[in-house]
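Below are two complexes that have chain A in common, paired first with chain B and then with chain C.
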Partner chain A sequence: MIELQKIMKIDRVTKHFGGLIAVNSVSFEILKGELLALIGPNGAGKTTLFNLITGVFKPSIGKIFFDGKEISGKRTSQIARMGIGRTFQIVRPFGKMTVLENVLVPLGKSFYTNLSVFSHSPRENSSISKAMELLKDAYLDDEFDKMASYLPIGMQRRLEIARALALEPKLLLLDEPAAGLNEKESMQLKEYIEKINSNGISILLIEHDMKFVMNIAKRIVVLDHGSKIAEGVPSEVASNPQVIEAYLGRKHKKGDKNA
Partner chain B sequence: MEFWQNSINVLVLGSIYVLIAVGLSMIYGILRVLHIAHAGIYTLGAFLSLSIMEVTGNFWIALILSAIISGFLGALMYRYVYKFVLKEERIVPLIVSVGLFITMQDLYRIIYGPYKYPFSISIPIPYIRAGNFYISPLQMLILIITGIILIGLYFVLNKTRIGVGLKACANDSQMAAAVGVNTKLTIALAFFMGSALAAVAGTLVGVYDNSVYPTMGSTVSYKAFVVVVLGGFGSLKGSVIAGFLLAAAEVFLVAWKGFFLPRDAIGFLVMILFLIFLPNGLFGRKER
Partner chain C sequence: MGYLMTLGIFASIYTILAISLNILTGYAGQVSLGHAALFGIGAYVSAALTVNLGFNYWTALPLSILITALVGALLGLPSLRVHSDFLVLVTIGINFVVVALFKYTPFFGGPYGLLGIPRPSLFGESMNTFEYFLYAVGWATFTILFVYWMSKKYIRVAFEAIKEDEEAAEAMTISVARFKIYAFTISAAFAGLAGNLWAHYMGVIFPGNFSFSKSIEIMTMIVLGGIGTIRGAVLGAVLLIFLPEYLRFVSDYRMLIYGLIIVFTMIFIPSGLLGDRSITWKWTRIFKKGDRVAKNNEN
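Coming up: the complex of A and B.
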């Protein structure tokens, strides 16, 4: 069954804010276990698409399916609990909480829906050991009792990913995880993301750093002005004239009749 | 000797301040709304206890039922009023809150009339008299109930899932939702708990002063903010400490014969000084 191979199907999704069309009839699929990159110039609608997937916005037209179920119109927290983890473009750890507490928040996700919020302890031994395991994978286990806001940005970035992983997601959405990182931090992050992906978690990645994307992604979807203009393996996309035009602007060569 | 008696008074007065301010601080911490109508809930709690007590004759049933009903009303206030104006500028929820408070006060006046109702109860606590001081049964009642509530609250906020959820929402509620926290339920529960505490405070004050009346929340509506400002907006630990500190300042300065200001002015004087020199309060976070 082909259907079972997909973790997410985005079906002709459009979102407009007043007269502005931020996302224009975009369709693509994310396969199970895939690492798909979503690229495009500023204002192409990438982050809006993330917000549509995670229920921050509702699509004006179109549907989004996750694991065979329609999720468009559901609440953010419901979608998160179904198994979609996400990080933001600007790092947003819970700054006034410790590194460990940050990861403990999503670990008890099923307890937030009813009055067992009053009886369940977030600090059960099993939760703590699971949280420490996640922190260890993110190379953060030594920092577990520090306030999250005191960490350097590279660590905060990994903490955000570890926190999203505590949801036990089937799909992880990463919004420019390499932004603002130095070479070493960026390498460490790439390793971390590849490790997550090799554990079977599908990843959708927004990234501006083309070197980073070409290195890590198996397949790329390109957005420009809200529309999908290309989709394919990195080498295909990199040589696609429409993509080059979107990124570098239209060439005005002498004798170019189409210009 | 007067010192010891005054210290008891500080504890009693401080308990009331803390019960009111903790709920307010919890709500501010999450929504960044100055919840003036909290004082309306406080008055509601007193009236509900009085009415339920008349029907059932049992103070404890009255106190608990009043707290639960007031808690629900607080949660409804979030769900059906604040939720719709949270996206507006911060002045909008504030005006809404003031409007709610005035409406509530007038509603009490319409229903109960502009009278002071006596609210006397008999409780099986002995009069405690030690060498230098005494504690009346009502004072003891306030201390015991506040003690139980604060210990319970500490447990709930530090040892349970709702505590983590609240902390996450207070840090960043959009992010909290993105990692699976049911923010609607969590915020509603914060309103429930805060409002229930305000109702308990209203009831205790009604009993202590032996009077319940529609405008009993007027002074409370702004004095609670003094406590929250002193403690630092959104810091529960700060509110608890500030509540007792304010009580201490009031009791000891008023007891000092040479002091010229009326009691309610002290809190505001302190608040103004804090806002000038220490605007984040004792334990406050920096505003974003």
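Coming up: the complex of A and C.
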């Protein structure tokens, strides 16, 4: 069997908050170029796991490796610089900046660690044309001079992804990108995500919308109560009795979107 | 004429102060109501170096800027732990502590302050008021140009990002801690310069010169002029130096007026007189074709 190369390895990661175990000894791997979805009912620990990967929290036990290097315990900005881009569950573009300025922020990546931050201007033609290219891929080039906070939610989501892509990440983490989108916006987003993935960027996707996940993910990891209960291709996972129990047992609560 | 010159010197010093607070609060979003502490440190360090330790002014000048910048970096450390309203309280506390240190340290002259601070000398002769006016205006101009230049670089982008959303900024590889310390350090350096210019013009300084009410005064300047802009800081400083002098009856009620200015600006013109989104500033630009500010207006 061919050993597939992995971009990220989550190794028995546990996180408690006081007495609460939010993530319980979870292990899985993300392969290079893969689109892996992380699903689970509300409160399963998906966003906590995201925050552990991006360095917002430190694992209580366990280690996280990215591209062969351990990243657990590093600062968020360092982890981002190593090549992990992310979006937020509740969109967080820089609201008072224009769409273009939002994408110019990450293009300063190589200046933020040293004094060249005083000598380089974001208004150089090369950065602007690069930013415009990224906006074009996100179908946002017509909106470049609008304030980010004025955009509808679907566009803000794509702007966040474009902004993360400007870091030239090897791995992109998307936290519920389809939440609150209508059918058309959701389709547009799916197309955009598939295009990114086909360019060789690995993607870890947290999603609540099962239809969206089944359509797009090549492989799925299921969390429930902080533990991994299943892992596999969509059809396998969908017929797994434990997964069905975890989801159906709570179906009447599905209106709640706080997971 | 000498009186006008003195006002010009004050306006220059306060321009530098207002711009320095604007770097911290307007650009980086770290609201400080203790900025007078840094102003005071610049003044006291330079005064103590020249009066107590016999340093030459031209040596004391860079030292006072450098020391104030270092203290500023230290004072920035709390901002890594506390945010917004809590940071405001911390900076107010720092202001009182610094003033108390001046007051109770004999080296700094205690409550009587430091006297006999020399004017800088040029070609062996100490500057007269006119020369000092030019000197202060020169520094104010330098400050404006330096900060304008800085505002076109990536440092400003990083400040803007941490001001808007710290978590998103971190995700964009911007170390929030690093840039907060940068903001405090740069801001303090200019406040130190202003302090130096103040001490060596007045010739005497007291702890009371750098009290909390002075911090409010500086904040009023940038709020009135338009927070986040250099032009706003300059206008605010010049207005608040010259107006009370011409409206004599006002100067007895300074603090009352400052308070009212803050209240009314915040309610009716939150971007100040010349802020990016203020009506007055838009008027001046609305006729410029293709201007982004004017266009955003329509939304």
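Of note:
Just so we're on the same page, the second predicted complex is superposed on the first by the 245 of 259 C-alpha atoms of A that agree within 3 Å, B and C clash if a C-alpha of one lies under 4 Å from a C-alpha of the other, contacts with A are read in each partner's own complex, and residues count from 1 in each chain.
The rule is short, and it goes like this: a contact is a pair of C-beta atoms (placed from the backbone, for glycine too) under 8 Å apart; a residue touches a chain by one contact, two chains touch by 3 or more.
Note that this is a predicted model, so its numbers are computed, not measured.
In the three-chain model built by superposing on chain A, chain B clashes with chain C.
Touch criterion not met for A:207: it reaches neither chain B nor chain C. After overlaying the two complexes on the shared chain, residue contacts for A:111 are found with chain B and with chain C alike. In the superposition on chain A, A:75 makes contact with both chain B and chain C.
Of the two partner chains placed by superposition, chain B and chain C are both touched by A:164.
By the touch criterion defined above, A:224 reaches neither chain B nor chain C.
Of the two partner chains, chain B and chain C are each touched by A:92. When the two complexes are overlaid on their common chain A, residue A:147 makes contact with chain C while staying clear of chain B. When both complexes are overlaid on chain A, the residue A:175 reaches neither chain B nor chain C. On chain A, the surface touched by chain B in one complex and the surface touched by chain C in the other have residues 54, 56, 75-77, 80-81, 85-86, 88, 92, 94-97, 101, 104-106, 108-109, 111-113, 116-123, 163-164, 167 in common. Taken in their complex, chain A has these residues touching chain B: 54, 56, 75-77, 80-81, 85-86, 88, 92, 94-97, 101, 104-106, 108-109, 111-113, 116-123, 163-164, 166-167.
Against chain C, in their complex, chain A makes its touches with residues 54, 56, 75-78, 80-81, 85-86, 88, 92-98, 101, 104-106, 108-109, 111-113, 116-123, 145-147, 150, 163-164, 167. Of all the residues in chain B, the ones that touch chain A in their complex are 156, 159-165, 167-168, 170-172, 174-186, 189, 285.
Put simply, chain C touches chain A in their complex at residues 150, 152-155, 157-158, 160-161, 164-165, 167-176, 178-179, 292, 295-296, 299.
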